[in-house]
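Some structures are shown below for you to check.
First chain A sits with chain B, and in the next complex the same chain sits with chain C.
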Partner chain A sequence: MNVIFYIASIIAILATIMVITGRNAIHSLLFLIVSLLAIGVVFFTLGAPFMAALEVIIYAGAIMVLFVFVIMMLNLGKAYEKMEESWFSYKAWLGPGILCIILLGELIYVFTVTKGSGRQLTVISPQEVGMTLFGPYILGVELAAMLLMTGIIGAYHIGRRKQKEYHRLLQKEEEPA
Partner chain B sequence: MINGADIHLLLPEIILGLAAIVVMLSIAVKRCHLFAHIFSLAAFALAFISLFLIHVNGTQVTDLFITDGYSRFFTGLIIAAAFFIAAISYPYFKTRDIHKEEYYILLILATLGAVSMVISNHFISFFLSLEVMSVSMYSLIAYLKNDSIGIEAGIKYLVMAAVSASILLFGFALIYAQTGQMELSKLQGTISAAVAKDILFIAGMALVIAGIGFKMALVPFHLWTPDIYGGAPAPVSAFVATVSKGAAFAFLLRFFHDLNGSVHNSVWIAFAVIAIASMLIGNLLALRQQNIKRILAYSSIGHLGYLMVALLAASVVGIKAAVFYLVTYFISMLSAFGIVSYLSGKDNELYDLDDYKGLFWQRPWLAALFTMVLLSLAGIPLTAGFMGKFYLLLSGIGSSLWILTIVLVVSSFVGLYYYLRVALMMFTHSELPRQKFKGGSFVPASILLALMFIFLLWIGIFPGTLLDIIQHLIPAI
Partner chain C sequence: MNPIWAHILTLVLVLLVMVTIAAGLIYVERRMLAVWQDRLGPNRVGPFGLLQVMADMIKIFFKEDWIPKFADKRVFVLAPMIVMISILMTFAVIPFTPLISVVNLNIGLLFFLAMSSLGAYSIVLAGWASNNKYSLLGAIRGSAQMLSYEVFMGLSLMGVVVMAGSFNLHDIVMAQNKVWYFIPQIVGFVVFFIAGIAETHRLPFDIPEAESELVAGYHSEYSGMKFGMFFVGEYLGITLISALIVTLYFGGWRGPHFLPPVIWFLIKMFVFILIFILMRASLPRPRYDQLMSYGWKILLPLSLLNLLITGACVLYFK
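Presenting the complex of A and B:
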């Protein structure tokens, strides 16, 4: 299991780096799907098969496929790649990049200094997840429901286009005015 | 598991959640701005009244929430602020050419998020409620979607808030990894001397500071504030300035108090540096602003810095001073943004400083209130802000935080300059026609603004009433 864990983690990291550095939006998204699948494997090796399944079904399956379709429909193409190149001149990313590398160095230092306590693997079944979710954390589930409602209403308002087409009877009334 | 006896403790949250659903369903039947407005006002009023019906004595409702006097006080404060914001929203949105009903749903949901943040006793519930509030604020900030500045502000907030939320989550994860505990009230018991010194735990605390610091707009994380305040509709700016920051501060205060000094010194120093930077930079950057909403934004950065002094005092006096100051800050900020939105016309907002030239000669009462608000923000005697600052200083001196106290005094003097500059502008005589201040003839909003005027004076002259309430509800947190 350990070997699988490390292979999957390395794939996840590499794929995520490719997502960020890729110029073509579709390529980036495909790499993101690979990264999410790899994280699914990581969850599986850590003893959370239910989370692994959710990761594949929801993220890699539903959300990312939707993303791919939207990006394909927008059909950004070469012109967009050129535009993105002009946005990300090295002046723009140099400063934040250096800061991020410093942070990464700190993070690696923090994790190497801390002694690991060894993995005690306990497999958590979907049943246990459900019992916890709808037992002590039921109010959290309710809050998450409110969160979804907020997202839908906000997206509806921002995304709504003003209706310009009238019914043909109304159109006649509009014309003289 | 939640049981029937505990459920009534969450009455305000349940009322707000139901109200949001009812307004949403009412849109499906018929769109009516006035109904949505009055219904949301009634919901806020009902939620406020329900606070008096529940008996709280530090009961935990499942692991996630806790209802005690402290959470009850902040719940009441936030709901009252939301009531005021909903009231000033009606004249502001009435003449605008968009759908208005969704605004009230989002406002109620954002308030629900803020209220849940205040009663959170668990990292998970805090994060979920923070997201409920943030997600509704993305759309509230960009609500006037024909306005490109508003959309820009909304996208900026979306990106920044999403990044800061992920940082916060990573911080929580690191703390959980070291302590194995996410409940605030049990966290302290798990922090042994070894854990407190542990570098992973300190890194987690640093990330939490960054995440919450973003919500409170403390200095290294403040860059979004002026743009969002300037771009959002004035009532929404009022929400960002008061409810959102107040809820984050309430949680931070509880978190800090529950840790009870068992954190490493470096965490304390990080907070102190952030407090000093917020006080100085917030006030200095406000000096050269011409946009009144941006001035208020920078001023709010400074005020949150002042509040951090009381937090760092880490005493019972400090907590009470912080709560007192937060109340005066809420009243002042709400009235300031209330006036800005009150004076706004159909398509434009009155935000340029020059627009306020000669306000006194045409709307003397409004100008008097605005002056009062500015004096209170500056902390001039006889206003609420003075008493608030007085208690802050008292708590700072009581815990002998000399450097912080001195910075507080110095930056207050700097602040005086730009507050008085605005006040002076209103009293400058100008020959412009009367129609300039065309907004503002809505009676309920005027009554509420007048009430704010009375509150500011009342707390400034007789602070005992408010102190008694705080004393009663927050005996020792």
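Presenting the complex of A and C:
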């Protein structure tokens, strides 16, 4: 399982880098999907199969399809890729890149110095996840449900069909001459 | 035999049998449609026209595999692979008999839902990469249809999960030793069946590829073996949904002892495949808004109600 964990995490990191450096929006999204799938595998190897399945169903399967949908409707062409290329200049990413590398070095140093307490892998079954969610964390679940409900009502309100208004030419026709 | 080799053998066997069944369905569908429509159907190539599949396959292999100049090549090639991979992966969790199954996964049913939601990408990407308005329209219809029908599909399955107390398909089959779940879960079964037709975008829900409006929908630009993959993918989808219906609602490999379990499984599976084909032969295509409102206004409340009542009954009788 250890080897699978490392392979999946490397794929996740590489795919995420490709998301950031990609110029074509759809190709970047495809890499993001790969990254999410790899994270799903990471969850699975860490003993959380339920989380892994939800990661794939909700993030990779539902939310990302909507992203692809929107980008598909925008119909970005070659001109947009050129524009993206001009934005992605050395000046833009060199500074943040160096800072991130310093942080990464620190992170690796901290991980190598502090000895981990030894991973104790326990596989969490879906039942246990449900018991925890609807036991100690019931408040969070309820709040999330309310938030989603407000989202649905808001979306319905925005997307509702407007009251029928006649075209001004038609209105004139209806009036007695 | 070495358990690893046995495992690989099972895997290859399941893969081969499923792809062969899916390819054979092309012939079965044409013959059965002909029977129900009082025609003859393909009966010239070989005995009873059985070699028609071979002829079709040879033809499709030798066709020019053309990628349009205006298409996004990489995504164009990727799209038909996704449909095959996502469907074939799901066969891994299906218990054909107590012994023949590729993996005994404790989240088997969720794995199916995950793979079917990934299958939506093949349509979206095929439509987008083709760079053609009919393909794009087909892709938009298809992805909206798959996204919304996935919701009820998942919810309708939860009734079975509540009754069996597990996502594991082996456990679900084992839990049906007294009564097959289509009796207590008849509402869930009907919703799942309808959602399954929509997921495989078969008639009457073949709106993404409605040939009278959209040329061939999302795969208008595909030819040769890439088209073949979409084509066989559709039949694989039918086989998969039928196999899942059998596993979840009709006792899987269970049956009287005079036949081995795998035969029972295949018999039940073929009954549902034939029902799929009969639906195609007999039902007209609804309008797009009818499809959507039917799903969200009828199937969604129905599956939620089913889940609620099932949960209450399970708690009450425990």
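In this section, the second predicted complex is superposed on the first by the 145 of 177 C-alpha atoms of A that agree within 3 Å, B and C clash if a C-alpha of one lies under 4 Å from a C-alpha of the other, contacts with A are read in each partner's own complex, and residues count from 1 in each chain.
What we mean here is this: a contact is a pair of C-beta atoms (placed from the backbone, for glycine too) under 8 Å apart; a residue touches a chain by one contact, two chains touch by 3 or more.
Note that the structure is a prediction, hence the values are computed from the model and not measured.
Chemist: After superposition on the shared chain, which partner residues are touched by A:R160: those of chain B (first), chain C (second), both, or neither?
Modeler: The answer is first: A:R160 touches chain B but not chain C.
Chemist: With the two structures laid over each other on chain A, which partner does A:L103 touch: chain B (first), chain C (second), both, or neither?
Modeler: In the superposed model, A:L103 contacts neither chain B nor chain C.
Chemist: Does the superposition put A:M131 against chain B (first), chain C (second), both, or neither?
Modeler: A:M131 sits against neither chain B nor chain C.
Chemist: Which partner does A:I13 contact after superposing on A: first (chain B), second (chain C), both, neither?
Modeler: A:I13 sits against neither chain B nor chain C.
Chemist: Quick check on the superposed pair: does A:G140 touch chain B, chain C, both, or neither? Answer first, second, both or neither.
Modeler: So A:G140 only meets chain B here.
Chemist: Applying the touch criterion given at the start, work out whether A:F69 contacts chain B, chain C, both or neither, answering first, second, both or neither.
Modeler: Once the two structures are laid over each other on A, A:F69 reaches chain C alone.
Chemist: May I ask you to decide whether A:M83 touches chain B, chain C, both, or neither, giving the answer as first, second, both or neither?
Modeler: neither
Chemist: Check the residue A:I26 against both partner chains and state whether it touches chain B (first), chain C (second), both, or neither.
Modeler: second
Chemist: Using the superposition described at the top, list the residues of chain A that contact chain B and also contact chain C.
Modeler: No residue of chain A touches both chain B and chain C.
Chemist: Quick check: in the complex, which residue numbers of chain C touch chain A?
Modeler: Chain C residues touching chain A: 72, 74-75, 78, 105-107, 110-111, 113-114, 117-118, 120-121, 124-125, 127-128, 136, 139-140, 143, 147, 150, 154, 165, 167.
Chemist: Along chain A, where are the residues that touch chain B in the complex?
Modeler: These residues of chain A touch chain B: 106-107, 110-111, 113-114, 135-140, 142-144, 146-147, 149-151, 153-158, 160.
Chemist: Sort out for me which residues of chain A touch chain C in the complex.
Modeler: Interface residues on the chain A side: 24, 26-27, 30, 33, 49-50, 52-54, 56-57, 60-62, 65-66, 68-69, 72-73, 125-127.
Chemist: Where on chain B does chain A make contact in their complex?
Modeler: Per the touch definition, chain B meets chain A at residues 1-2, 10, 17, 20-21, 24, 61-65, 99, 102, 105-106, 109-110, 112-113, 116, 124-125, 128-129, 131-132, 135-136, 138-139, 142-143, 145, 154, 198-200, 203.
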